[in-house]
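Labels run A, B, C and D following the written order; every chain starts at residue 1.
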Amino acid sequence: MRELNVGLIGYKFMGKAHSNAYRSLRLFFDGDVTVVMKAICGRDRAAVKSAAEQFGWESYETDWRKLVARPDIDIVDVSTPGNVHKEMVIAAAKAGKHVVCEKPLANTVKDAKDMVRAVKQARVKNMVAYNYRRVPAIAFAKQLIDKGKLGTIYHWRAVYAQDWITDPNVPLVWRLRKSVAGSGSLGDIGSHIIDLAHYLIGEIAEVAATMETFIKERPLLDATTGGLSAKSRRGVRKGKVTVDDAVLFLTRSDNGALGSFEATRFATGRKNHNTFEINGSKGSIAFDLEDMNRLSYCDATEDRDVQGFRSILVTNATHPYLAAYWPPGHIIGWEHTFINEVHDLVQAIVRNKRVRPDFEDALVCQKVMDAVERATKEKRWVKV
Amino acid sequence: MRELNVGLIGYKFMGKAHSNAYRSLRLFFDGDVTVVMKAICGRDRAAVKSAAEQFGWESYETDWRKLVARPDIDIVDVSTPGNVHKEMVIAAAKAGKHVVCEKPLANTVKDAKDMVRAVKQARVKNMVAYNYRRVPAIAFAKQLIDKGKLGTIYHWRAVYAQDWITDPNVPLVWRLRKSVAGSGSLGDIGSHIIDLAHYLIGEIAEVAATMETFIKERPLLDATTGGLSAKSRRGVRKGKVTVDDAVLFLTRSDNGALGSFEATRFATGRKNHNTFEINGSKGSIAFDLEDMNRLSYCDATEDRDVQGFRSILVTNATHPYLAAYWPPGHIIGWEHTFINEVHDLVQAIVRNKRVRPDFEDALVCQKVMDAVERATKEKRWVKV
Amino acid sequence: MRELNVGLIGYKFMGKAHSNAYRSLRLFFDGDVTVVMKAICGRDRAAVKSAAEQFGWESYETDWRKLVARPDIDIVDVSTPGNVHKEMVIAAAKAGKHVVCEKPLANTVKDAKDMVRAVKQARVKNMVAYNYRRVPAIAFAKQLIDKGKLGTIYHWRAVYAQDWITDPNVPLVWRLRKSVAGSGSLGDIGSHIIDLAHYLIGEIAEVAATMETFIKERPLLDATTGGLSAKSRRGVRKGKVTVDDAVLFLTRSDNGALGSFEATRFATGRKNHNTFEINGSKGSIAFDLEDMNRLSYCDATEDRDVQGFRSILVTNATHPYLAAYWPPGHIIGWEHTFINEVHDLVQAIVRNKRVRPDFEDALVCQKVMDAVERATKEKRWVKV
Amino acid sequence: MRELNVGLIGYKFMGKAHSNAYRSLRLFFDGDVTVVMKAICGRDRAAVKSAAEQFGWESYETDWRKLVARPDIDIVDVSTPGNVHKEMVIAAAKAGKHVVCEKPLANTVKDAKDMVRAVKQARVKNMVAYNYRRVPAIAFAKQLIDKGKLGTIYHWRAVYAQDWITDPNVPLVWRLRKSVAGSGSLGDIGSHIIDLAHYLIGEIAEVAATMETFIKERPLLDATTGGLSAKSRRGVRKGKVTVDDAVLFLTRSDNGALGSFEATRFATGRKNHNTFEINGSKGSIAFDLEDMNRLSYCDATEDRDVQGFRSILVTNATHPYLAAYWPPGHIIGWEHTFINEVHDLVQAIVRNKRVRPDFEDALVCQKVMDAVERATKEKRWVKV
């Protein structure tokens, strides 16, 4: 049994999700390789120590440079906010580690390019955690498309809608600050649907766009406690929201397909409504992350009178990734996308193959995000 | 019982739908006014005679000018392709008739303005058959919005998707010729969702857009028979499709709401998928014409733990228009929108009130369509 | 054009639905036969006169015996409560009229047998208005089954759920009195799903059952006004509910299929939730009347990985009855089942063919209802 | 941190699911107690050794009696077929271990009673793995019911439908043999919906029922290899299916509620369609395991015009169990029910409280199953 040692930077939402993936890998994917949860890293000693115990890491670090330098680490997993990705990733690559990085890869195209260069020079495996490629139903959609089941693609339409900040009292967390997060809905959830479009129907050539910040100011967090400051509670201290609450863009691809994208945190009632539909000359596909074990598929080559969108429960052992889990009809959840992702990563490492989406894929995604921001400012269509 | 005499120009798809509405009005809406189906008009004598008998018209005409001139006609209903609307409508207005016109009102903004002027000068009631305002579920959505149930509107997203011309062998019917239809998806179905947006959330201020014709040429129809010519059948004679197969546009409104619109005839598997969702600060609404007796509504002012989109079967006697029909749960169909429309028209006439959407509303819609075409050509955001 | 003259007894809910069907037949079904709305009949002169005008009947009668005796009537339509069906139907048959009767045919098996005998002796066409056989999606389901698409049938499960009497203040209307209605949920809605089971999967051999009346007493209606009496309003006068609020039964068929049936007026939130699912060795079908233009169909002979229930919008011209109506995707409503029914009836008359379900079919249905009542009383399985 | 040592008997489907639960507990439920995966037990040394490694158990045993006797084990988990539950459970209880047992508790009422007696005498915690009580949406439904949100309960209807043995070539696995499994659909999936009914609306008083075995004989498995024997592959050797493929039953409860239950493995197209609906005087609830993060809820105390079944995504931190997992909208899967279950068990142990459903609950369930079998044989209603 080949072992790969992982070091993880970050221990909150994404840190927990990634930890769970490493911890569960071996139970589900009974292969020739497994991961060892060597070390987790965070700046707050007490918090990271507690996380290490809870999530099952062998050790912890409070300085990410130390983690990256440890000789017993094979893979560095960067699950931090976007503004620190570059430094960490480049250091890890230079140290010869394989690198997994949370999405979006960087806050600028330039940073992303630097990171691509670093992993290429270091010849390390690299992956960006656009985990929705590992939803079995989406991977199955990809198989259908690759087999030509949709024919020529005419339309892509994706809406990634959440509502967690419709309340104006939600404070100015890091995801609402451009200096940390890079952008708002665009980078956080919009980047996912860009990546899915690239995965499923090919690259975007040009875009028209608009972005909006509906709530301009929000209560400040106390810098030390991380909670609402006393003044903020009394409504005195507010800070400016520097990212987009919502972004919409239209796209054209070189192959003639039209795209519609919307990413918003202001779609009241929608929690994690990551949906897309693809229409082609021979069929169509639709997906909704909130019911992620299903794929809707219409086969337009059948007798017209029995055509319709069929709701496929993608839980057969013959569907992507599903042989690792339960019998048909026993659904998996959101966290399993990360387990599948780690499985693909370690397989790529031991077999020395490219794993997708890698940093180059993420760079293409970054360029689209950049084009969306320019198109918004310039109020015109811009090339990617 | 007050009687109003109607003359209808057009006897095909829309002619049949309007005839059915006039014929059924009295049975459902037991009021103080009814319509008399005086005359139907079409150029093909045999066909219009047959339609008159089948649909229940007292007489028929083959020259629309004669119909418009008949003193026994109170209301002229123009259910013809767009390129002849203007002439007919202006003549009818000049003859002092109330006018109903199929949508879109005209093929150009200029024509629409002329038509508005004509009905204003003639002081006749005028209505454009954007019939989806008369879907009970949509009228009920309007009531909820007017009561403030959605709060501040953030998002409008509408997709009107059909697939009836994905087959390249569908011939070059009038709806695919710009000289007759004015535009393709934009005018035929896109105009419906523009009108609904205006009705439900207010006017559009600016747009970015793109349009596409996926299949550039199609078999020609024989000019005399109206069917495929022998040559077309053998694949020899094709003509150019001069309208859009699909149109997508983004909008911004003066009130800050963002809009996404898509109208396509190339969404394989979608038949009459006229759908929209509105997200506001207090709630959201969603609708799908293929299940048109339902409205999805999320009330975000409730306890968060029981929030969700509720599927309301809009069939109570207390819902709009429904007292005219059946007990709760006994659904009505597409054709009933026209019955409701005629009811509102005749009530407006006898009570001398404005009926919406009238020609002025339709002109606003036309301006948006015009802006969409300019935005597409100029590849930039344009003001309406 | 052959004409058939109709006389209708009953002018309320069913009277209106049947009137609409006769009135609309010619507009939709452009065939070689039409119906003439000769006379409508009801005991209240003012009310029936008004209904005649509103619905478009040429004349009216207040004595059904007169209507039945009129030589200008070809078809008698009995749309009255069950306790008077027998007398009217037998008189009509003796007068040589074709007969349509609302369901259930009778309040007892004995009466139903007498009625079958009468129409057989008179050799008149006879039909019972189990109108849901004329839902296009259900007629299409029948086609699929007849083609063997479901293979051997294992399961039938039907739930017809409404909630219109969950409020204890709903008064003791005729449908809640055994002397008039014969039974409650069983005859009113349960009979529909029995008829559908017979239509789609064959006859029921034996049943086990239970029935319940959840609310035992209700406010009395004033015998003269038909409204709540003054005393009832004050909560003083209540009468006993003498029918079932809900009935559930299990069935076995000679062909080995198992059935589950439930009919209730106490399913809070369900308005006209007439649903069934059929599972066979080769496929399954599911239907819901509240979204009646759709049929769910799973084809189990396909590749397992793309299997799923497809949602077919049954609105193509090639689907049953739909050529009479609108283009694909333009849905029809509940009332259209009656138009389709009348179409089939008049075609059967002019072509001298049997029309189904006729009185014999209804008698089989009646026998099942009778078995359900016996099985409930005797607390055991009983043969039909 | 209090530690509890677990020993698990069984390493296949349920063994994997339980292992995953023990392994993941600490990562999600960051409390004051954790479990140590001490030993797993199975008869096949190589297989159980491999499972121990894959699932993360510290050691393994091939003799369950040894496992039960180990002093370092606090909790014995019996995840074996039903015919060996009794012996193992009683031995574990006598050894003073807390006991978790897979459902159904036993193959007979008598055995179940013996097991109840054993755990009572031993005063050990005991739980039966009716894991669906730990679906957050179902636990939330329970909260709504306990708060009186549904009012008086009128109806329960549950269908647990699968299709994994519709293919006649599925061999005679242990679940199809009465001597091992006790019963077929009844015990395997029917018992789940009985337990849910007890949990949500109270105990069942009497039943009428029917059972069927659609495919009477199936290919035999080779006793040594566990696969299809060479003869079976050639279609020569078949054995008798001795359990039910499907079971349907009606119930009445002392509180007047009516119930309909169906459990079948012959519902083509249904994979793990565990569904129920409850109708009460004030509201209704519906659930489907294939979309298990949702609960449909209709509140009938609201304004009638906005009533409808709302689809609640049960993923808030304030919903049952969800604080342990991800942000709203990030759904969990089937396996999480076991993690929740283990959490409740260890909390009960350390706090010395009763955990439900325990053996007494399971005995009540067993009595209903027994009544269903008697009712089927005697073809009449029988008391539980």
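Methods note: a residue touches a chain if its C-beta (ideal position, glycine included) is under 8 Å from a C-beta of that chain, and two chains touch if they have at least 3 such contacts.
No experiment lies behind these values; they were computed from the predicted model shown.
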Touching both chain A and chain D (chains) = B, C
What is the chain whose Cα centre is as far as it gets from that of chain B?
-> D
How far is the middle of chain B from the middle of chain D, if each middle is the mean of its Cα atoms, in Å?
-> 54
In angstrom, rounded to a whole number, how far apart do the mean CA points of chain C and chain D lie?
-> 41
Calculate how many whole Å lie between the centre of chain B and the centre of chain C, each centre taken as the average of the chain's C-alpha atoms.
-> 35
So which stretches of chain C touch two or more other chains?
-> 270, 294, 298, 307-309, 313
Counting only contacts in the complex, chain C reaches chain D at residues 154-155, 157, 159, 161, 163, 166, 208-210, 212, 214, 246, 248-250, 252, 256, 258, 260, 262, 264, 266-270, 277, 279-284, 298, 300, 307-309, 379-381
Using the touch rule from the top, collect the residues of chain A that touch chain C in their complex.
-> 140, 144, 294, 297-299, 304-313, 316, 318-319
Which of the residues in chain D end up touching chain A in this complex?
-> 13, 16-17, 19-20, 23-24, 26-27, 30, 54-56, 162, 164, 270-273, 289-294, 313, 315, 325-336
